[in-house]
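Two complexes come next, and they have one chain in common, chain A, joined by chain B in the first and chain C in the second.
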Partner chain A sequence: MNFRNAAWATGLVGLVALPFVYREPYHLHILVLILIWSFAYTAWSIMGRFGLVSLGHGGFMGVGAYVTALLWNHLGVSPWIGIPVSMVAAGMLALVVAYPCFRFRITGHYFVLVTLALSGIVLQVITATRDYTGGSLGYTPNRAPSGKGLMALQFDDKTTWYLIALGIWVLGLLIWRWVDRSMSRYAMEAISEDEDAAAAAGVNVTAEKLKITLISALMTALAGALYCQYQMFISPDTVSGIAVSLQMVFAVIVGGLYVSLGPTVGAVITILLAEVLRIGFGTKAVGWDNLVYGLLLVIFIIFLPKGILGSILDRLKTQPKPSGMK
Partner chain B sequence: MLTVEGLVKRFGGFTAVNNVSFRVEQGEILGLIGPNGSGKSTIFNMLSGTLIPTAGSILFNGAEIAGHAPHRIINGGIGRTFQIPRPFHRLSIFENVALAGYYGQGRHSRARADEAAERALAMVGLPTDRHASVDGLGAAGLKKLELAKALATGPKLLLADESLGGLDEHEMDQAADMLRKIRDELGITIIWVEHIMGVLMRVVDRVMVLDHGEKISEGLPSAVASDPRVIEVYLGTDADSSQAAAAEARRKAGV
Partner chain C sequence: MQGFLDIFDIYLLEAVVNGILLGGVLALLALGLNLIFGVIDVTWICYAELVMIGMYGMYYMVQVFGLPYWVAAPIAIMLVAALGALLHYIVIEPLLTAPPINQLLATGGVLFILQSFATVAFGIDFRNLGIRLPVLAIGDMHFSYSRLLAFVAALLGMLAVYFFMTRTYTGTAIRAISQDRQIMSLMGVDTRRIYLITSALGGALAGLAACLLVLQYDVHPFVGLSFGPITFLICVLGGLGNFVGGFLAAFVFAQIISLGGLFSDLEWGYVLAFAFFIVMMFIRPAGLLARRS
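Moving on, here comes the complex of A and B:
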């Protein structure tokens, strides 16, 4: 256990020190993307691991990004306030959609379909209000006057963003771990198996499911808002919509649904894949990543349902170490 | 302790429980018997909040609980087991019971939940090892786990649903003694639903018999076992004309 803590500490110090040693902007950019998306995928897995498969997270991410940007552009509200407001908005949206689902026992495939509709609705709202949101052409937060970067949460240098993204990523892992070690995990595991039996153990099934959904939605909205602040450009395709939701499911399943670093591994793979396709094939490969995602998803669900990291950790646990190694 | 008045449950046009009233006194074991489909489990599901009664009232220690959500009823002091054990396979045996100890007693603290789990597991005779898997348990073990989960919620009234199905004779006796021990040592009032009349009659203080959703008899085990209406329901013969059937029923009931 101590070895494990030491490994974590060393790794973290290394990650914090990285941008001060290594300044290649493109690689830092990729790392920032990986960290922000890891956080979003971790958010998804916090409920996904308990069988609450949501295809609505693109919607929460879109709300986080667009509400923050719209408040800034139209009302001059600083993202420091805009981000919490956008998270509250996503949280309320999550409650409005999830409460009837949980109250009336809409589970399994039907829950997936309801959340899928949520993604679609958010996407439609963004495109329909194109006078404000720019529709499918995308949206750009106004540049802050020089010297007001901190207030506007706009930074030009990659190092600052890298550190912010790293902090958020660590926060995501801490939340994952907190849930994992709480009684809520017992309750959610029980609920995912048998809601009546969980209720007979005294669990308020609806409240527990709402709690975990709310945590997940708030985190996802934060991820969307930060992505917007970092990229300074959002479009329905990149932060909202069904494709984003599917990408979350794909990444988490590939990385590993039941381990804390699984979503991170998933983010590394999806983002590197997208970059390789983009650089290797350029505009000829637009949309190819989704094709590859789909294929890989099928293959993983059949052959490696615990994901890459989950399967590796399982193998390490079950296989005794060779006697020569210490 | 428990006063049920005019309880009715209809599923569409079918009346599963029709105008059933009964009382349970503090500290007694009430046996609830009846053929398949007579409404025993439906009554249990209404008492524990899984089903909402169509009509009637359920007073538990003077407070109306009919139609309350299951978690509220469990936290109010009514524990239940299921006819077919419903363990959580993704949790260890200990975690199954600790979950009930935590959520069934108002979510106080983890330490208190663990303590409740240890006591409940020791009571039913399961290992208190934290990591033992549910998958290693046989039929008797699963029944014990079911009971331990219910006990960990700290009930004043325990609803034990057909706890003996699938056990051999020796295990049945053990389980029956267990319920008695729970009443004697923990002072928990029990309503026990059971198919196997013999074991039940030996342990309970009073018996209530249901048929087609209606209460047809209630009283001391010996009196109920010789009640012609009960014999008719259980043996399907005209009781008046068949002394042999009555004797058979008494023999079966073990009285």
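Moving on, here comes the complex of A and C:
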């Protein structure tokens, strides 16, 4: 265990020190994206690992990004306040949709389809309110006057963003670990095995599920808001809708659903893949990256449902000791 | 009578009728999805994308190869039916014993594949058949023939499925399997074959919907997203696998969308439909026609 802690600490120190040694802006940009998306994917996996497969996370992400940006542009509310407000909004949305689902035992296919519709509807709302949100053309937060960058949470400097994203990513892993070690985890595992049995054993099924959903939705909204602040451009297609929801699921499945670093591995693989395809195919690449994504997703689910990291760890654990066997 | 009509705005009446016409096509879509779910216990997240491929098939056959609509339509239906069977054979069959969520996510991957395949192969331009059907005017109300045609054809398609399911041996076997999966293979029914037939039938319904929708809407790679979510809502509201419930729910939703679109943009119709859906989940969580136990 000490070895593991030491490895974590060394890795973390290395990651913090990285931007001070290595300053190539493009690579830092990719790293920031990977960290922000890793956080979003971790948020999804907190729910997903208990069989609560949500395709509504694109919706939560969209709420996080758009509410923050709209408050800043139209009311001049600083993202420091806007982000918590947007998280509360996403949390309320999650509760309104999830409560009836959980209260009335809507699980499995039903739950997936309801959440799928949720992300579709958030997309429709963003498109419908095009007078405010710019519709499908996208939306740009106003540039802050110079010197007010901190108040507006806008930094030109990649290093600052890298450190913010790193902090958020670590926060995501800590939340994952906290859930992993809490009583909720056992409750949720019991629920995902058999709801009636869990309820009979004294687990408050609805409350436990709502708690996990709420945590996941809040984190996803935060990821959306940060993505918006970093990219300074959001469009319904990049932060909301079914495609984004599926992208989250895809990355987590590829990386590994049941291990804490799985979503991160998934983010590294998917984002690098997208970048390589984008550079390889140039501007003709529209569509190719998703084509490869989709193929990989199907192949992974059929042949490697535990994901890359999950399968590797499994193999390490179950590997028979070389001596003493047979 | 006149007084009665005065209460109703003429536009309101037009919207109601249009809602009924829209309901026919939505019911057709919901039927296909319900069929797959009821029999194979799998949800095809990519169902609307199959429709999109069918719409492209129609576009290419009519606009590029110059086939008449009536010749192209059966070919498109068969094409999507084959696609449905292929989807089952390649993706679903290896996953039949896997957790249901995996099956569902795999079809999500197929959604990605179909969408990006369309983007790569056909580009992102909006395309249409270039067929403009006349508009039927009754009094001050206007209904497009394409919608009437879609409504009638959708009803006929559903009737055909009904007769297939009740009057043929294969149809009876399909219904029996949806009631008890394990027993039917003991009774000498080839489950694999029935699953393939059901998938092809579900695909054929998507193909029929494609032939009808392509008359009304432009086709582009993401067109599936504009009616996919609403189809899922309809199926859940009607009760997944419940054919009659899905049929009713389709008309309820179509009315909400149509009337909502009357007062504001069409997108708001969808939003209203979703709000209605959430409310209904509190009232009838197991679907419109669920019996209270």
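Convention: the second predicted complex is superposed on the first by the 319 of 326 C-alpha atoms of A that agree within 3 Å, B and C clash if a C-alpha of one lies under 4 Å from a C-alpha of the other, contacts with A are read in each partner's own complex, and residues count from 1 in each chain.
By definition in this document, contacts are C-beta pairs under 8 Å (C-beta built on N, C-alpha and C of every residue); 3 or more make two chains touch, one makes a residue touch a chain.
Remember, it's a predicted structure, so these values are computed and weren't measured experimentally.
A.B. asks: Should the superposition on chain A be reported as showing a clash between chain B and chain C, or a fit?
C.D. replies: By the criteria stated at the top, chain C and chain B fit after superposition, with no clash.
A.B. asks: Going by the contact rule set out at the top, does A:P100 touch chain B (first), chain C (second), both, or neither?
C.D. replies: After superposition on chain A, A:P100 lies in contact with chain C alone.
A.B. asks: Between chain B (first) and chain C (second), which, if any, makes contact with A:M183: first, second, both or neither?
C.D. replies: first
A.B. asks: Going by the contact rule set out at the top, does A:N204 touch chain B (first), chain C (second), both, or neither?
C.D. replies: The first partner, chain B, only.
A.B. asks: Once the shared chain is lined up, is A:I121 touching chain B (first), chain C (second), both, or neither of them?
C.D. replies: second
A.B. asks: Kindly classify A:D196 by the partners it touches after superposition: chain B alone (first), chain C alone (second), both, or neither?
C.D. replies: A:D196 sits against chain B, while chain C stays out of touch.
A.B. asks: With both structures fitted on chain A, tell me whether chain B or chain C touches more of chain A's residues.
C.D. replies: Tallying touched residues of chain A, the top partner is C.
A.B. asks: If you've got the overlay open, could you tell me the nearest Cα approach between chain B and chain C in whole angstrom?
C.D. replies: Comparing every C-alpha of chain B with every C-alpha of chain C, the smallest gap is 5 Å.
A.B. asks: Sort out for me which residues of chain B touch chain A in the complex.
C.D. replies: Touching chain A from chain B are residues 48-50, 69-71, 74-75, 80, 82, 86-91, 95-96, 98-100, 102-105, 107, 110, 113, 149-150, 153.
A.B. asks: Mind pulling up the chain A residues that touch chain B in the complex?
C.D. replies: Touching chain B: residues 183, 186-187, 189-190, 192-194, 196-205 of chain A.
A.B. asks: What does chain A use to touch chain C in their complex?
C.D. replies: 51, 53, 55, 96-97, 100-101, 103-106, 108-110, 112-114, 116-121, 123-125, 127-128, 241-243, 246, 249-250, 253, 286-291, 293-298, 301-302, 305
A.B. asks: Hey, which residues of chain C end up touching chain A in the complex?
C.D. replies: Chain C reaches chain A through residues 37, 43, 45, 91, 94-95, 98-102, 104-106, 108-120, 124, 221, 225, 228-230, 232-233, 235-236, 240, 264-265, 267-268, 270-271, 274, 277-278, 281-282, 285-286.
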